[in-house]
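Two complexes follow with chain A in common, the first pairing it with chain B and the second with chain C.
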Partner chain A sequence: MSQKTGTSLGRVEDAAFLTGRARYIDDVRHPLLDGAAFVVFVRSTMAHARLVSVDASEAKNAPGVLDVVVGADHVVHPAGPTYGIPVGHVFTQPVLAETKVRYVGEPIAVVVAGTHQQAVDAAELVIVDLEPLVPVMDFDRALSDDVLLFEPGDAPQFQPSAGDHSTDGAENGNIAFETSLTAGDLNPDATVVVSERVWNPRQAPAPMEPRGIATAWDDAGDLHVWAATQRPHGFRAQLAEFYELPETNIHVIAPEVGGAFGGKVSRSVEEHILPALAQRVGRPIRWTDTRSEFLASGTQGRAERYDMTLHGTPDGMIRGIGVNLVKDLGAYPGVGTYLANGYTIPMACGTYDIGWVDFSVTCIVTNRITVGAFRGAGRAPYLAALERIIDIYANDIGMDPSDVRRRNLIQPDTMPVTTIAGATYDEADYPADLERVLAEAGYNDLRAEQVERRASGAAKQIGIGMASYCHKTAGGGGEEAHVRVNPDATAVVTTGTTSQGHSHATAWAQIASDVLGIDPANISVVEGNTDAIASGIGAVGSRSLQTAGLAIHNASTTIAENAKQLAAQLLEANASDVVLDTDTGSFHVVGTPAISVGWVDVAAEMTASPADTEGDELSCGEYYNNEGRDTYPSGAAVAVVEVDIETGHVRLTRFVSVDDAGIRVNPMIVDGQLHGGIANGLAQVFGEEVIYDDDGNLLTSNFMDYAIASIDWFPQFELHHAATASSHNALGFKAVGESGVMAATPAMHNAVVDALSHLGVRHIELPCTPERVWQSIAATVRTR
Partner chain B sequence: MHHMNLDVNGMSYPITADASRNLLSVLRNEVGLTGTKEGCDDCECGACMVLLDGQPVNSCSYLAAQAEGRAVTTIEGLADGDDLHPLQAKMLELGGVQCGFCTPGMIMSAKALLDRNPEPSEEEIRIGLSGNLCRCTGYAKILAAVGEAAVEIR
Partner chain C sequence: MTTFSIAQSLDQALQALADGARPVAGGTDLVVGSRQGKAPLPDTVIAIDRLDELAGISLSDDQLRIGAMVTHAQLMVDPIIAEHFSAIADAAALVGSPSTRNVGTLGGNVMNGSPAMDTGAPLIVLGATAELQTTSGNRQVTMEELWVSPGKTSANADELCVALNMPARPANSGSAYVRLEYRRAMEIAVVGAAASVTLDDGGMVTDARVALTAVAATILAVDLGDALAGKPIDEASLAAVAKIASETATPISDLRATDRYRRHTVGVMARRAVEAAGRRAGGETIAIPVNRTLGIGASQ
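Right after this comes the complex of A and B.
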C-alpha cells in the first residue's frame, strides 16, 4: 500500500450520502426524542420599534399549545457580546425581545405545541404591539448618531453571572467597536495617491440545509442536544454557562451537517432557548427553521465599506495603503466584531511588500441581522478592496496591472516574513504563482484580443482581471485527536473538529494510514460528539487540517512506536531494530522482511501480556497546539469576461487559478473545496447580495430573490497548483476551505471594470448586475 | 384523514395521512425514507427531487395524494443492493459530493435527464440540473460525474 497523502482517493464517507442513508438533524431518530414538541418563533415585522406589549393569552389556549414564552419570562440568560468579543454590554441581544426590536425577524415570542402545524397556527394568535422607530439602515446615518439603536440602560435586565458588566457601552452611540493600526514609514517618493470607496455587500452563508436542533433532558437531569452546528464543544460550553450546568452533564451531537460556511456557529438566541422550553413543557423539542426564516434570522457576512487610499510612485511601486473600514455588525454585535483585529488588519499588506499601513476600523450597528462569519470572513472583503485599488492605481499611472503586481509582490527568498501589519506569512512563491497563472491564461494573447475587439467597436467587449492572494488560516489554538487500533487491525480516529462537507473522514484516514499502514477503508472517523472527545473548536476559519491533522499524525506515530515494542517481543528482537512497513502494515526486523508480524498479532500480544504493559499502547490521545504559527494558503487567478455594452450583461468566459494549499492530502478534495470557494466568490460579482429596503424589510428572503450560483453560471474552472510546504507545521500543511473565495471576487470584478476601462469606467460597485454595469457605461457617455 | 397506497421504489405502502400533506413529508415521516431532503419548501432548491413515473418532481410542492397510483422513485431506490448506480459511482469517483445535502435531489434530476437523453451535451446537463442548487461544489465535479455516468450507462 503506497503513500496515501497526495492521493485522490474517493471519499470513504460517500456511500451513505449517495444512497440516502446519511443522517442529518431532521433525520435523527432517538428514544429521548420520542414525542417531541415543535416550536415556532413569533418574529418582529419591523426593523426598529419599541415593543409596547405582547399578548399571548389567546395563543396559550389554542389547540395543542403547550407553552408560549415572551421576553419578560426570562427563561434563559442571553448570549451577550461579552463572550470573548470586546464590545459593550448594552449590545446584548435578549433571548426574546424585551423593550425594543432591532431587526425584521427578531424573535419576540415562541410557541411550543404538539405538532408543527399547531405551533404555526397558534403563533398567528400572538398579538404584538410595536411602536415604530426610525430604522437605521444607511452607514452614514448610523455614524451620525441621529438615531440610536441602543441607549444607556438598554441592556437586557436578565444577565448571566459571568462576564464583565461594568461597562454599558452605549456612550459611543451606534459605534460598538473601533480599532486601528498605523505602522511603518511612508516613502516620500509616493507622489501618486489613488482613492476609491469599495463596498463589499452583505451575503448569507445559505448552506443547503437550514439550521436545526433537537433537544431533550433525561431522567438524570442531563441535557442532550443534537444540532446542525460547526461547533459542538463551543455550543456545549455556552449551554453550560447559560444553564449553569457542568459541561459533563451536557451532550451535544452534530450529526451530518448539510453545509455551514459560517452560518452554523450556534450563537443564536433561537438555539439557546430550546433546552429551556424542553424543560418547561417536560418534553423533547425539535426545531428546524424554514429557508425564509434562516435567511431572515440566521447570521450574515461581509457588509463592509472600504475607503481605500493607495500611495505609490509614478512607476508602479506601492509605498503605502490607507484603509478606513466601516463594518456593519447588524443589530447585535456578534462574531463579526472579532474579525477586524483577528483577521482583517493582519491582512493589510495582502501579498505585497508594503512599507506603510494606516488602517482604521469602525464597527457600527444597524437595523439588520447580525453579521457573523461567512466563508473567507474578515479577509476576502479586504483582499477584494485591495486588489481593486491596485487595478485603479495601475490604470491611473498607465501601467499593466500585471506589471504593478510583479513590481510589488513579496519575494519567496524572504519567507517566512513578518509584514508591518504583524502577520507572519509562511513559505510560498507569490511571483511564480502570478507568472504561471498569466501564462496558463495566455495573458498576452488575451490582451491582443482585447485590443482587436475594442478597435472593432463590437457590442461585446472582453475584460481581463487578475488578483493575488494569501490569507490567514488556523487563527491560533489547536485541536485534540484520539487514535485507536483495534484487535482486528481496524482503527478509529476521533477528533474535536467537525465536518460539514469538508471530507474529514477520508482525509483523516489518509493521514493515519500513512503512519500506521492500515488501509483507509479500515479506518473510521468519529467527529461531532462531545462525549467522544474532551475538547474541540471545530471547522471555522480553514483550520482543521493544520491542527487536527497534526494531532492525528502525532497520535498515530506514538501508537506505531508502541507497536514496534510489542512486535519486538514477538520477533524476539530489539525494538530499535523493528520497522513498520507502511506499504503492508507489517512489522519486521530491518533487512529481514520475510519474517513479519501484523497489527492483529501486535494487538494480541498487547492483551496477552497485561503484566508488562498498560494495555493501551495501541490507543493514544494528542493535543496539537500551533502556538500562533498560522498558515497562509495563497495563489493567483485570472478571470476573463465578456460584457455586452448595450445591455450591461456580463458573461464569465474563463476562470484560471494557481493555488498553493501547501501539502495536499487529497488533491481531489482540494479541488472540490477550491471550486466551491470560487463559486462563492464569483457569485458576489454576478449578483449574490442580501438586500434590505430603506424601511429595513429583507427583500432577499428566499432562493428566488437571494441569488446563489446555479449550475449554468460558470464555465469549467481551470485549476493549477503549487504545493509549497509550510514550515509552520511538521507536515507542511496549509489550508484550502476558504481559499477559492479570495481571488475569485476581485479577479472577476477587475475583469468587468477592465472590459469598460476604455470607455472611462473607473469602478463599479458589487455586485456587477446588468443594470449597474449599464448605468456605469451610461454615466461615462453622459460625461463625455 | 386520507387513506392511500403509495408505490415507492417498487414497494407498496398503505398510508393514512391528512390530504393536505405533501409528498416530501409523507415520504420522510410516514414511509420512513429520509434520503429526500427539504432545503427550501418552495420549489427553489431541488433537494426534495423524486421521480414520479420517471419524471422529476419537487416533492415539497406535490400532494402525497396525487402520487397515488404512480411509481415514486427516491434516492433509496437507485442502488442495486450494494452496487451503486453509475450516477452514484461516478459522483463518488470524481468527488461530486461534499456536504451531501443536495446530492439525492441532484442525482434524481440527473437520472431523469439521462433516462430521456442518454447522450446529453454539457449544456444539456446544465439545463437538466438547473433546478438543483448546491452551495459546496461549484457544480464542477457534478457536471463531470453526470457526463461520465452517461457514457458508462451507454
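Right after this comes the complex of A and C.
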C-alpha cells in the first residue's frame, strides 16, 4: 500500500500514546533536574482589590521552605506590549501583584520548598491583606468607566525590559484597544434591517495535561527549560527578553504536550517567574498546575459580544453587515487584542458576497482571567454571530435559510477573491459545499419530518440548522525545516513546529517520503527543541502544514536533486537523465529501471568522493515564507436536533459536514482533527461556559461545574470532503486544525432555534442549556 | 494519621464502630470527599466490603432483602431487581461511571444521605426500610425517618446499615426512576423522580407513590392525595401528578439550575416516571434504564 500524501497511514505516534510510554512534563527526567524544588502560588481570593500588604515572614520559616517571593521583590521583568498592538503600558501584568489584584487566582506570592507538600503548607502561612474594590464584571459597566481597573500610575514599578513604555494608556479607561473598518457601499435596495445581540461566552481550553514547566541553570549560566508549550521558540524569545539573555544561552524543549487548544500559546506569569526562582534558590524547580488551578488562572477563550445588523433586500440579497464587537480581554490584555485586527475584521464577509461592511471592535478589561488563544480564536465567534444573524434575517423575510445562503455565497469562478474586508480567499466552491451537505443530510426530507412533528404537537420537536464557513489560517509568515538523509537510508526531518496531538510525526514523514521515496517508517521527525533548529513559530492558528509542510517538501526536493547528481556519477550518466523512483527509493537512468542505485549507494558516494562533492548534499535546510498568501479552508454543515419542549433538553441527532481542507496529506488525520474541532464547537451550544458570579468568583473551577464536553452528547459525525487545491502554495495545502469549530457552533445553534421557531422563539443565547431553552419557550408562551 | 483495618466478620465490624471507627465500602464518597477537601478521612476506618453477611439479593414470599454491600453494577443487571423493583435498577444504572458503579454500594449511597442520590427516590416509593445493626441488636428504619438533612442521617455512629428491605411486589405493579441530567456520565441529577404504580384488572390505579430527587433537603415523598387512586393513567391524572410534584418541591438555585426551573421540571419528571411505571405495571417491558430507553435525560 502506498504511504504517501493522500493515504491514511496509521499514526506512528499512537503506540507511545496508547501504552503510556509518551513523556510529558511531569515525566521528564534529566540530570539537570535532579533535586528539583517545588513551588506553590499564593493567589488572590478577590477579583478586584488593593494589595495592602503581604506578610511572608512565618512562611519563610516553615519546614522545607527555600524562598518566598512577593511582587515587591521584583525578581524578573514583566512582559512588554503584546504582539505589536499599541496597548498602553499601564495594562502590564506584574509577574506577582504589586499594587492591585485584578482577578481571583492572580498570583501574589510564590513559595519554593523542598517538597510539594511543604510548599502547600507554607503557602497557607502567607498573610495577604486586601482592601476590596468594586469588581468590574459587566461589559456595560466596564465601558462606562464607572470603576477603572487601571488608573494613572498603576503601571508596575518594575518595567518590562523591552518595548515602548511611553504610552500609559490609562486615558482610555477600561478600553485597552479599539479598531474599526468601514468599506464598500450600501445598496439602497437594502430595505430590510435585522439586528440582534449575539453573545459568544467564555470557553476554557481544557487540554488533558494542564500547564507545566521544569527549569534549571547549568554551570555555564545557560537556562534550560522544559515546558508544555505550543511555541518553544516564542517561549525562548520571551525568556530572553525577561531575563536579558541572548537566545543562544536559553534551551527550551517541549516534550510531548497533552493537548493545548490555544491554552499554551502564551507564557503565563507562573511559568515566566520559575527560572528566576531557580536562580535564587540555586536548585532546579518544577511546577505543574492542578486542573482547578488551570481553570482559574490559565488563559480562556471567546468572551465576545456582537451587536449584529444585517441590511438586505426583501428577497434575500444581503447588502451589508454592521458589527459592533465588544471583546472582553480579561484583566490583562493578551493575544486576544491582536486577534481582533489580524483575524476578526478580515472575516467580516464570511463566505458571502457582501458590498458593505461597517465593523467596530472595542477591547475592554474586566476582573476575569486573561483571554488568550482558543481553537478558532478571532474567527469562530464572529462566524457564529454572522451565521446566526443570517438565519434571523431568513426567518424575518420568510425565506428558507438555505435559499438565503444560496443567493449570497461567493461564486467559485471569481476566486481567488479579495473581499471588501481585505481578505484574499483562495480557491474553493462554497455553493457546491452547501448543496452537497444539504443533499447528504436529506434536507428536504428533514423539513417534511419537521412539519409532521409540529402538526403532531409532540413534546420532542426537531430543528435543522446550517452554516457555511471559511477562515483565515497560516498567519505568521513562514516556518523552517531541515531534512537529512543518513548513510543507512533513514531520514530525519526537523522543524520549528510542535505537536500537541497534531500527528506531525506521521504527516511530515509522508511529505518527505513523497519526494525522497523513503518509507515513512524510516523517517523520524524532531520538533519542540530550540537547540535542534534555529527558528519556529509553532502550532498555532492552523498553520503548520502550509508553512512547514512546504519547507519540508522544498528541502527534500533539493536533496533529491543533489542525490541525482551523485547517482549520475555511480550510473555513469548525465544527471538530467537520472530519475528517482519514489515508490522504491531508487535511482536509475530514464528507460533503464533494471540498473539502479539506492540511497545507501548515493550516501556512500558522497562520503567517498569529497573531492567531487561538498559532503553535505543529503542535508538541506529551507525556510518557507508564504508572503502573506494565507489559506482559507472552508465548508458547510447541517445539524439536526431534537428539543424536549417540556424540559428544554437538546439532543443532537445528526451532524453532517462537507469540509475543504485543500490537498489532504493524511485523510484519517484530517478526520480526527475535524472530530475534535466539531466537538469543540458543539460543546459551546450544549453547555461549555466559564461562569463568574457578580463578585468575580469563578464558579466553574472543575469539570463537574464546568460543563466539559462529554462523548454522550455527540452522534457519529457524518463527514464528507471537498479537496480544492489552493493556489496560495505550490502543494495546494490549506488547513484543518480549527475548521471543525467554525460551522459546528452556528449550525447547531441555528438548529436549536429552528426547532422552536414555530413557537415564536427568535434567538437563544449560548450555551443553549436546557434551562435557557425552556425559559425561551416559556417567554413566548407568556407573550402569546 | 488514619488507621485502616479490614473487618473479617460482621461482629468485628460492629465492635469497631462501637469503638469509634467509621465504615468504608466502595469509598466513592469517603475517599473522594477527602481528596476534594470536603471532609478529612476519619481517624479510624474499618473496611466492610468483604463481609458476606452484607452481600447478596434475596427475595422471599413477602420481602426483598438487598445486602448493604450490593453494588450499583449488580443492581442494574440483577434479574429480580430489573423485573420487580425496576426503579432501583433504573437509578443504579445512572450512577457515576462504570468504575463507580462497580465499587459504589447501595448501603453506602443510602447512608451518605445526599438529597441528589439516585437510588433514594426508588427506595421510598418501594416502601424500603434500612436495617441498622449494632453489637446489641438491630432495628428497621424507614427512609423518611433515616434521612434528616443533606449528608445527615438519624443513625447512631455505632449503627451499621446491613441491608435494605422492602415488601414483595403485588401483581400488576411497576416502578420507574427518571432524572433530568446534562450529561450521562459522572453526573448529578438536576432533578429526578421515582414512581411505583399498582393497577387493577381494569387498568385503574389501586396504589401509586412518587418521590422526588434534588428538590429538597432530603429525598422527598409526595402526597398524591386522590390524584391517581381509582383513576386511569391518562393526560388528566398525569397533569395532576405533575402539578402536585411541582408544588411539593422546595428546590434551591445553584450553578446547575434555578429553583424555578427545578420546580417545573420535577413535575415533568414525576409525570414521566408515573407514565413509565404504569406501562410496566400493565405488563410492558421498558429496558433499564428508562432514562435512556425513552430518551428522557441526556440519552443519545
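The definition used in the following text is that the second predicted complex is superposed on the first by the 776 of 784 C-alpha atoms of A that agree within 3 Å, B and C clash if a C-alpha of one lies under 4 Å from a C-alpha of the other, contacts with A are read in each partner's own complex, and residues count from 1 in each chain.
In this section, contacts are C-beta pairs under 8 Å (C-beta built on N, C-alpha and C of every residue); 3 or more make two chains touch, one makes a residue touch a chain.
This is a predicted model, so every value here is computed, not measured.
**Q** Check chain A with both chain B and chain C modelled on it and let me know: fit or clash.
**A** Verdict on chain A: chain B and chain C fit.
**Q** Which of the two partners, first being chain B and second being chain C, lies in contact with A:208: first, second, both, or neither?
**A** first
**Q** What angle, rounded to a multiple of 10°, is defined by the Cα centres of chain B, chain A and chain C, with the middle one as vertex?
**A** Result: 40 degrees, to the nearest ten.
**Q** Which one hits more chain A residues, chain B or chain C?
**A** The partner that reaches more residues of chain A in the superposed model: B.
**Q** One more residue to check, A:21. First (chain B), second (chain C), both or neither?
**A** The first partner, chain B, only.
**Q** Could you tell me if A:291 is touching chain B, chain C, both of them or neither one (first, second, both, neither)?
**A** Once the two structures are laid over each other on A, A:291 reaches chain B alone.
**Q** Is A:232 in contact with chain B, with chain C, with both, or with neither (first, second, both, neither)?
**A** Once the two structures are laid over each other on A, A:232 reaches no partner at all.
**Q** After superposition on the shared chain, which partner residues are touched by A:676: those of chain B (first), chain C (second), both, or neither?
**A** After superposition on chain A, A:676 lies in contact with chain B alone.
**Q** Using the superposition on chain A described above, determine whether A:376 touches chain B (first), chain C (second), both, or neither.
**A** The answer is neither, since A:376 touches no partner chain.
**Q** Just chain B (first), just chain C (second), both, or neither: which does A:11 touch?
**A** Touch status of A:11: first partner only.
**Q** Would you check which partner chain A:712 touches, where first means chain B only, second means chain C only, and both and neither mean what they say?
**A** After superposing on A, A:712 lies in contact with both chain B and chain C.
**Q** Can A:312 be said to touch chain B (first), chain C (second), both, or neither?
**A** neither
**Q** Upon superposition of the two complexes, what minimum C-alpha distance (Å) separates chain B from chain C?
**A** In the combined three-chain model, chain B comes within 5 Å of chain C at the C-alpha level.
**Q** Starting from the residues of chain A touching chain B, keep only those that also touch chain C in the other complex, and list them.
**A** Of chain A, residues 704, 710, 712, 714 contact chain B in one complex and chain C in the other.
**Q** Under the stated contact criterion, what part of chain B meets chain A in this complex?
**A** My answer: residues 28, 33-42, 44-45, 47, 74-76, 78-79, 84, 88, 91-95, 97-104, 107, 126-127, 129-130, 132-143.
**Q** Which residues of chain A touch chain C in their complex?
**A** On the chain A side, the touching residues are 460, 642, 646-647, 649, 651, 686-687, 691, 699-700, 704-705, 707, 710, 712-715, 769-771, 774-775.
**Q** Hey, which residues of chain A end up touching chain B in the complex?
**A** 8, 10-11, 14-24, 26-27, 206-210, 256-259, 261, 290-292, 500-503, 668-669, 671-673, 675-680, 702-704, 708-712, 714, 716-717, 740
**Q** Would you mind writing out the residues of chain C in touch with chain A in their complex?
**A** Its residues touching chain A are 180, 182-186, 188, 190, 255, 257-258, 261, 264-265, 268, 295, 297-300.
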